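First, the structure itself, so that you have it in front of you.
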Amino acid sequence: MTTLTDTATPLLTDPAPEGGAAGAASRPLVEVENLNVWFSDAHGRRSHVVHDVSVQIHAGECVAIIGESGSGKSVTARTLIGLTGPNSHVRADTATALGRDIQTLRDTDWRSIRGKDIGFILQDALVSLDPLRTVGAEIGESLRLHGVRDRAERAARVEQLLAEVGVPEPHLVAGQRPDQLSGGLRQRALIASAIANHPSLVVADEPTTALDVTVQAQVLDLLAQRKADGTAILLISHDFSVVGRLADRVLVMQGGWIVESGTAAEVLENPQHPYTRQLLDAVPSGHTKGEYLTEEGRARAAARATTAGTSQRTAPAGVGNPAEPKDEASQVPAVLSARGLTKSYRGPDGRDRTVVRDVSFDVHAGRTLGIVGESGSGKSTTASMALGFIAPDAGTVLLDGAPWSELSLAGRRSRRREVTVVYQDPLSSFDPRWSGERILTDALDAGTAPGVFASSRARRAHRQEQSERAAQLARLVGLTPEHLAKHPLRLSGGQRQRLSIARALAPEPKVVVLDEAVSALDVSVQAQVLDLLTELQETLGTTYLFISHDLGVIHHMSDEILVMKDGVAVEHGDADRVFEQPEHHYTQALLGSLQALSTTVR
Amino acid sequence: MTAQPQSQPRIPADAGTTGGVPAAPHPAGPVQSATWRRVPVTVWIAGVFAGLLLLAAFAPGVLATHDPRAITLGSPLAAPSWEHWFGTDQSGRDLYSRIVHGTTQSLLIGLGSAAVGVGLAVVFGSWAALGGRWADAVIGRAIEVLFAFPILLLAMVFIAVYGPSVQTLILAVGLGIAPGYARMVRAQVMSVRRSGYVQAAQALGHHPGRVLAQHILPNALRPLLAVLTLGIGQSIVWASGLAFLGFGVAPPSPEWGALLEAGRPYIIEAWWLEIIPGLAVLATALTATVLGKFVESTLEGER
Amino acid sequence: MNTPPSPNAPENRPVSAWQTATTTASSRARRRPGALTAGIALAVGSALVLSACSSGTAGPQEQAALTGSATEPVQGGVLEYGHLQEPNCIFGGWIQENFTARQVLDNLVSATEDGSVVPWIATDWEVSEDQLVWTLTLRDDVHFTDGTPLDAEAVAYNFDYWMDGGNGTAAAHLGGFYDHSEVVDADTVEIHLSAPFAPFLSTLSQSYFGLQSPTALQTRTVEENCTEPIGSGPFTVKDWKRGEYIEFERNEDYDWAPENARHQGPAYLEGIRWNIVPDGTSRYGSLLAGEMDAIGEVPAVNIAEARQRYDFTQYITPGRPVVINLNTERGIFTDQAVRQALSHATDREANIESAFLGTVPFEPSGYLSQSTPGYDADAAQQYPFDLEKANELLDGAGWTGRAEDGTRIKDGQRLQVKIVYGLNTIVTPDGNTAIQNFQEQARAAGFDIELRPLTPSENFSGAYSTPDSYDGSVGYWTSPHAGILNINYRPSTEEAPNGANTTFLDNEEVFTTIQQALQAPTDAEVTATFSEAQYQLSELAPAIGLYTQTNTLAVSDRVSGLWLEPAQGGPIFHDAHFTSEEARDSSQGFSAANAENEG
Amino acid sequence: MSVTTETLTTAPAQPSSPEPVRRGRPVTSTAALIGKKVLGALFVIWAAASITFLIQSLLPGDRATLLLNQQTGQVQERSAEELAPINEQFGFDDPLLVQYVTFLGGLLRGDLGISYTLYQPVTTVIGDQIVPTLVLTFTALAVAWALAIVLLLLTARRAPWVSRIFSGLESAAAALPQYWLGIILLVVFSLWLGLFPVVSGSGTAGLVLPALTLGIPLAGFLAQVMRAEFERTMDEPFVLTARARGMSDGGVRLRHVLRHSLLPGLSLTGWAVGAQFSAAVIAENVFARPGLGRVLVTAVNGRDLPVVCGVVMLVALVYVITNLIVDTAYILVDPRLKEAA
């Protein structure tokens, strides 16, 4: 615990007190013994989603539940505010919150507790606040529901609350909708609405997920402040850095069970359960650079090393040190070069807004260029220009030294296969009617399918051949033929992203653009996919343009890094150099936030 | 706290994602994929009724008990009985047999109008969505005008030119329902065009024609299959409304709209002449709706 | 509708009604026996009006009113009347416009149930030897509601107005005969004809010949004359909410009712609300619910009940009944034998009995309805149901082959004919049933009849009026006399086209006979010659009779004294009155437009 | 029925964060936007009128004959001599283009012409009838909305059997033929129970059944499209947030979820106005109500071109205005659309 708070940056205005007020509290605010939750579906089938969970939370203490999706952590949290949902069955030996037995509370009782004694914070205020109403109305509603009837008084309290959570110009913000506010401001507003009546317990379910790293730090600060003021916090998260920053005690959940628990320091620094260890290992960062994140990745690399000499296609790569051959990369010619890219859009107010300004970079063969930036920094627009989807207003993109962005649509089409892309959400990038195999054969087909007039035999032969190649590709990304036969909807998130990568590799591209390709994945799955990417680069010499908001991922993956802010490349250089000696003050601030968050687990 | 090494991925389809909306507190995910296989009773009933309708449409003789045209001057307006299940009409014709024989035309009108309407909608809706700013503007305006235009007038024009026939009604009703569907198609095509998989296909360098044929049209039009079935019911209702205003099929056709119009004066004394054909229209429209919704949800479930 | 009804000096009421009646009774000239008093005509009970008065009060009361009974009818109240169709104008050439015109305008003469006429504005008349000049003597005390006198000048003006586009139907009746009018003095006018026209007076009894104020016609806009014509009748138009109702208000000065009116002097009612209720079920329902005091056009299916519950009157329109006119100029029906065969082919009597549930008489004649003076019942009966005869005729005509569906074939041509009819404009839903029955029955003889109902626009636009557009068309034409034959069967010529000849029959013999009948000097000769014409037509078989066009009226027991006038079957409200003061006081009266629908 | 609304298409680039609080946005293009809308509306009205004019002029059959026959209640051919004065009066003999230009000229002067059959200025004819029709149409809309909203609040996302039964009822309501429903309502409530007048007229009591006749099927449609959105919104995180604030289920439905489900209902309403008019014809017929529906049917039957054009233009105008209102309502309901617009 102490190690965590010690790493606090200047951004942290008020570090959490040592050990919190936990020890002082005589009776826990929340006491749950052997909580079990089932859901039944429309056909009466029951599924047991929470198994014998026990948790105690004292005033001024933050207890975190950490786990991946489907671990039952959110269900546990919601049960504590009586919102487990319809068709749920809850049973526990003891379940009290604020001294009341939550198993016997009726909805009317709950209503007087929720929002008053227990506050609830969800992730991303863009969807967790009613998007049609002003944040003032939302915060005011919390007050109205708990007795503040007078309109004027409410308005005053709303402004006061907004000021409390650090919102500048609260009277203006109160009149704006979530979509009109920046991510940080609206998340603050969400928190304001949850703590409006100064509840003694706040349940925060992924309160910082989907926020930019600087904003994350600010939000966690805010929660730490509440904690310091004596509020108990139940924090639900998948993110170790977040948990490490705030929690006094940590529960690790997997598949509905608590697999490990203890103080934050114990669990994060000295994990006992293999699952916890696996999770911690999977977090990418500068420290993991050039290493595999998963057991499996390491094993595969080792296996490969023994047969390295026999491989025809792989680039000569050191097993535990894949980055080694890249050192002389500056001599390697640039596959994709951007020069002075500029793009602006006409805003709804009729004014042009420049989203990318004068961005230049080179992506070298067999290497990875990482573009990092917060939302709105123009990194995705830059990716789109690199892909040739949108034409730059100024500047040019060269592919293999030849004009690319200046080509005609048809001209570019014939070379599209040389630059492929992997998206953040693979599912939406698959035609919903197609199986995995169809998706891959279609990608293999790009530009090479026999014409309409080809004989049916020729086409059959072609199809046969493509089918085999699809299977090969699938093996390459760790998918089986069974996976290929399935509809992507029935694949797991990691499998989908593997399929997406296979598709990107199918036309044997010169560059693969990865646009937030692992951002939506659970940490262990993310680790697998990152390992796959590393392995592919190692074996096939693939070139990546890697775009992400996640500094850890970027550092882990990239050889070179481009830092973008407000459409401008503020810093550009070798990855380690940028991370270790940031030149631009924005990069410094960014890394500062990261350090505030990142654990020193290793 | 006991550590339980047992790990069961609860939601295979969703496992591995944390972004976006947090997992719903109730497990809608795992069941949904299997739900569509379990067909609700209402769909069964609708299916059986649809089967009867098709039988009546293609082989009315199998279901009918009487010649639908045979008049019995002695017994007009006879109440439903064992001999005449739905009673007889003002000419002593067997109403049940007339409804059975009217199925062909009524279904034809329903299917035909829906096909014409949706067909026009597909052509013009896609054109508006894909044809650029001008096409969109022109077609958009045309749709507006059609919306603002009473269908009654259109029907009258067609009837004046081609006479009151099934084809005329199909054209008139089809044109009447087309603008609504055209807007849907346009929106649908636009959303598919912006979808990730279309961009993905473009990124692979596929020819625009191929992208259109392989991705945009199939995916944009698939939901329309359900809409088409819904349109069938609407068209029958519309067509019978036109019959009510005197723009129906020529007698002695037992088309349902014509039956309704003919039965109206007898609503008090011979309620069956009005109520039963109305129920037939309602049941058919409802059947189409139920089946359409089922198809829609099945398709969605597959996604 | 927002101006309150102005009290029109009720003291000024002239009371010379009975005198007028006596004058008429003694009048000379060419008036048929039996026309002396309407009372006799009523008592005799002609075939015209099949009256069923279950209440048993209406009939005697009417007579009592006529004979000047001591019991004074209830005064005042606004009668709610439910009517099928809305006119375009109050006065015009459409039959619906006659019904409304009859409330507002007076005619020169009034028709009686037996087809004769009695004095109204014209108290006396005389015709010259050559039958070309009619001299009409007028009442001297009549004035229009705009205050101008109804004198010879006004009558002459009206004649010219009718013939000169003021009323198309009036022109159709008299157009070929009228020459000019001459004002002799204020009370005498001479009408000069270009050819003798026996049914002249009877023609004038129709409301196409309603008299309007020349001043109003000349000084007001077409619109004003359309919606509020100025006449001298018992009512004036108070308000017209199109699509909903027309309100008529009592003419307080009225004192010149026709001789066959049930009383003289102003109407008993304060006014009438003439509600437009197109749907039959609603119309009859509104009577049942007590919203209406009387309704017209009782649906056939309700007639049996209406006879029991209400004072029910049915009027059989004289003139051409509802017939199928066969196209004698083009197509299959140019063959007389085929026309005859079709006339024999179906059991029309049973058909009509069934289709109209026995409420409307079958009309065997294709030319005149049984209520028309001069109708020949024997000539009408020439084509009884005789399938064998029909088959023989068709075999004889060469239609010997049979298609799979039983349709006859000749030289590869099917015996297939198209019959067009204006549904809901000309032919009622019940009539539609009858036509479908006819279609089905004719299949037995090998006819394949295609029915083509026409929308009003198609029907009236003439698109289906040309020889090449149909084999048969269904229609009727009201006329108080047999002279309708001249309208319907005068051959169309280049100089004088006759669109009313819908069978396109061009037969010199028939035409000549009709002309003779029109010019015959005596009633007996007129009737005999029209008989001959009917036999001739019957032989040619250009038309097939189906049923008579009827008007019906059902009156609740809250009101009494309502009757259908004999010329065209329109309702007469002048004599109507509430049966009790309670009934009157429960009526809503005028100016309740906004607070209505309480009951 | 799944009506796809394309409402939430936002601008390509997200707002960047440099200025944390954005003050009011410039209203540069409001005038241009209004101008565009008005032009579009005028186009729709002009096009509707022109199409009507063409249709009416090109239909088979002769207009003069029709007028003459209608005046006399006869069905027959007419001689050129008889028709000449009518052709002269209304200019039916002029070349079509001349007639059209005359017609347009009249429109520009605000002169809709004089009815061929009623001899009244079209403005008078329409003016007399517009109120009952608008009252009926908008009462029916109100009824439909009220029914749909109550139904949704009470039944959407409840126990499965409740939702299923009521969504079935909605489908049934949407599939109801209006005239059939009207006749049944009339027979049951007016003739049997005597609760409402048989002849509706233009009074208030007479408005109930016609409004239900038009409103119930529309309510079915509305509820169908809104239910889908309503149930989707019930799954949104902000619903959970609101519940966690201590709000009751009913409160959440009413204050949060309902507002979101209004959007598809609103767009359906915009579309439905035109169709509602055709349906009003039927209701006016069944219930003996005055109104433009009846005027239109009569005018169409009588080929009373000025009246038909006038009514069509009016319907187009009402449609256009309703859609402008709907657009505005859209923005009121979802203020985010203001920026997208």
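Chains: A, B, C and D, in written order; residue numbering restarts at 1 for each.
In this section, contacts are C-beta pairs under 8 Å (C-beta built on N, C-alpha and C of every residue); 3 or more make two chains touch, one makes a residue touch a chain.
In this text the structure is predicted, and so the values were computed from the model without any measurement.
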Pair of chains joined by more contacts [C-beta pairs], A-D or A-B: A-B
By mean Cα position, the chain sitting nearest the middle: D
Between chain A and chain B, what is the separation of their C-alpha centroids in Å? 44
Report the inter-centroid distance (CA atoms only) between chain A and chain D in whole Å. 48
When the C-alpha atoms of chain C and chain D are each averaged to a single point, how far apart are the two points in Å? 41
From the C-alpha centre of chain B to that of chain D, how far is it in Å? 22
Find every residue in chain C that makes contact with two or more other chains and list them. 279, 281, 285, 455-458, 463
Shared-contact residues (touching 2 or more other chains) in chain D: 59-61, 183, 187, 191, 236-237, 240, 285, 300
Note the residues in chain B that touch 2 or more other chains, in rising order. 21-22, 24-25, 156, 160, 264, 267-268
Quick check: in the complex, which residue numbers of chain A touch chain B? 39, 41-43, 45, 47, 49, 51-52, 54, 68-70, 72, 74-75, 78, 83-88, 122-123, 127, 205-206, 209-210, 238, 251, 254-261, 272-273, 275, 387, 389, 412-417, 419-421, 423-425, 428-433, 442-443, 446-447, 487, 489-495, 503, 507, 519-522, 525
Flag every residue of chain D that touches chain B in the complex, lowest number first. 1-6, 40, 43-45, 47-48, 51-52, 55, 59-61, 164, 168, 171-172, 174-180, 183-184, 187, 191, 235-237, 240, 271, 274-275, 277-279, 281-282, 285, 296-297, 300, 308, 311-312, 315-316, 319-320
Quick check on the complex: what are the chain B residues that touch chain C? 69-71, 73-74, 76-77, 90-92, 156, 159-160, 163-164, 246-247, 250-252, 262, 264-270
Chain C contact footprint on chain D (complex, rising order): 59-63, 65-66, 68-79, 85, 114, 117-121, 124-125, 128-129, 132, 183, 186-187, 190-191, 194, 197-206, 284-291, 294-295, 298, 300-303
Using the touch rule from the top, collect the residues of chain C that touch chain B in their complex. 279-281, 285, 299-302, 347, 350-351, 353-355, 357, 423-424, 429-430, 432-433, 435-437, 439-441, 450-453, 455-458, 463
